[in-house]
């Protein structure tokens, strides 16, 4: 069997692994990426494609997104392969007075955190799209939000990384891993031979706990399933990302006033016009293990929710549906961090539904961490692995 | 019979006589044959363009011809987004190509 | 309740339907296309013994048998969901929902695309699209075209276009990019053609046979590959030229071609415009597996079989109760193999549903042997290591069962 050496081994060929590979290779480090499947063959190809601040908790969360937006804007200029980048902003719509009140406080807090948010009234919403239901009261807007094609983005990052010398090995599953207590080197067994690495980054997404477990780590990430409908664009319904305000409630597990099924499947409207002229329509949130079967009951529920906000698109053609698994963490923040108990072992996973949004900032930050930089692009405390240390059992 | 058709074939033989089917494509009167798809009837009439990218207006035609790629969507009567490669042409059918859609919104303009 | 629903009226689906019906089962076959026959419908090639394999005739025979056996074959019907209930499957179609005891997925294959700048222009189509237009609809795809992608499928279909009087001026490699990968490399393309050459019908792949002589000197052969291409049926095949872009305003007007080095990298300043009114993209075939994916069936990536395939055994059973697969959904092979696989699935389903019949077990064994014989005698082989691919998928069936317990 072959044996190869690398300075940095990134486990995971999704968008997170891709962004880390790009920035580390660009900084001059020697990088190898391995994935058990193909490029973007997990969550990164079963999602929609947004770099959003609008749905992030005001403060650290939304700042992190804003930084990521800036990086993606730069990437759109420096990477060779186009990834359908557009920055039209995004909006949240409200269906009740309660939501309008909550939206106002959301906007105030975001503005205080320095983000470009503003309230929209009923008239603004009508201007946004004549296809909205008449009873919608208004909403809010985040001007900097942008949209990309997630797997073109992942491909583009890997293409860029390989130009800086990164090696990508696909269909190369981690079969076992150990750390030499004398040299501190990691030995990783794969079907394509042994890889000896000075540093390892676990960017395994929903499989990160499985990889971590090989060295005795307990990484609190669980798969949270989501469904998406791909619909044909038969009318000019809208040009930018639209979500219902209830999406925030659903995302953060708060109570909503919706029917039982909508609540059970965690369904909330997410509406995204793509460059290829389809609409990606979500969303749902369920803890059902690693089951990725498309559940038509959930799809129907999403369709009903969509028609509640856009009654006139009821006859649109559904082209396909798909589902994927988000890497969920108990506090809805990712883990982008060294692991204190294992020197030179890092985790970059657990982005739940924000992997596309936060890939760029994750890649940049991880590169700084790998180089032991003290001044990092964003503070690292909220996303340290050690924050879960004293949590004995993780509730889902 | 038009020049777009393969009448004689060295192995498959001569094309059988078939009933004509009259239909329109963007109001132009065209003739197809019974049992053939919209895509085939249009191509036989020299029509390669079936729709366009709804935002940029870039033109599109058939690609996979087996119903998989969804590139050949046309409007038939009141029905939107029908796959031309799988739909059989009918007498009197009104087929319309997909058009560029207006983007009349105040905000969210991408240009 | 129907006994068996079969999705796909191609060689595998129809063969399975006929076996099930012979055994007294109530069978329904659905297919999205307006005609039964699946990919048989386009096929036309000369056998080594000089006779012609005419897929349209083969499809007709299967359909006629199905009609005689009272199989309900419904065309123009799309299946958009399948769901396993306690003792049956529910199949959701555009013409209503149906319950069935057994479900056979015989959905065949689709074509891998090779995205090259300009590939969305009207007049660019997959090579399979051109085949269906030419042989099934008898509609000309154009006057003079080029084919991008050099493989056994594109060689066979290019010949069919020529037979129909449509000129193909050249076959080229696709321009190298992150997606086209191996298909853009002269050496790997030649190697894959070489591997199939010994199996191909005598006239089908002259190109490969030519290089058989150079087997030990393949890279040399690529290095000294003639600038004007090797002629196959009078048409130049270019292993050292690639299409960098498809050009046209409202539709295809031609392609931008450049010479490439032995690694497929374009050589600057060799760019040339080649006029064409149609372009066929030939990226090869992969199993069409969406329905198996939503059923929850486990998958295995097996390159020799053309990609991700649902796990199954020699009886064409998946690990999921009442779910069977046959034909190209199980791996890319010729229509003849698909027909034999369909028969296996038919016996397998009959045995499971009728339970007591010992006779069927013998017939099942025979049918399995027929698959092997047909595979060994295949004149068109899409992958030279097909046998090892088959072994891998059958082994993973055994592993799946083990881990389930």
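Note that the chains are named A, B and C in the order they appear, and that numbering of residues resets to 1 at the start of each chain.
Throughout what follows, contacts are C-beta pairs under 8 Å (C-beta built on N, C-alpha and C of every residue); 3 or more make two chains touch, one makes a residue touch a chain.
Being a predicted model, the structure only gives us computed values, none of them experimental.
*Asks:* Measuring centre to centre, with centres taken as mean CA positions, what chain is farthest from chain A?
*Replies:* Of all chains, B has its centre farthest from that of chain A.
*Asks:* Taking the mean of all protein CA atoms as the centre, name the chain whose own CA mean is closest to it.
*Replies:* C
*Asks:* Indicate the whole-number Å distance between the mean C-alpha point of chain A and the mean C-alpha point of chain C.
*Replies:* Here the centre of chain C sits 36 Å away from the centre of chain A.
*Asks:* Cα centroid separation between chain A and chain B, in whole Å?
*Replies:* So the centre of chain A lies 39 Å away from the centre of chain B.
*Asks:* Round to the nearest whole Å and give the separation of the Cα centres of chain B and chain C.
*Replies:* Once rounded, the distance between the two centres reads 25 Å.
*Asks:* If I count partner chains per residue in chain B, which residues reach a count of at least 2?
*Replies:* In chain B, residues 53 touch at least two other chains, as defined above.
*Asks:* Help me check something: in the complex, which residues belonging to chain A touch chain C?
*Replies:* 37, 81, 155, 158-159, 171, 291, 293-294, 296, 320
*Asks:* Considering the complex alone, what residue numbers of chain C touch chain B?
*Replies:* For chain C paired with chain B, touching residues are 32-35, 44, 52, 54, 56, 76, 78, 110-111, 113, 120-126, 128-130, 132-135, 137-141, 163-165, 250-251, 288.
*Asks:* Sort out for me which residues of chain B touch chain C in the complex.
*Replies:* Within the complex, chain B touches chain C at residues 3-7, 9-12, 15, 35-37, 40, 43-44, 48-50, 53, 58-69, 71, 85-86, 88.
*Asks:* Can you list the residues on chain B that touch chain A in the complex?
*Replies:* 53-55, 70, 73, 80-81, 101-110
*Asks:* Under the touch definition given earlier, write down the residues of chain C that touch chain A in their complex.
*Replies:* 81, 83, 92, 178-179, 290, 294-296, 301
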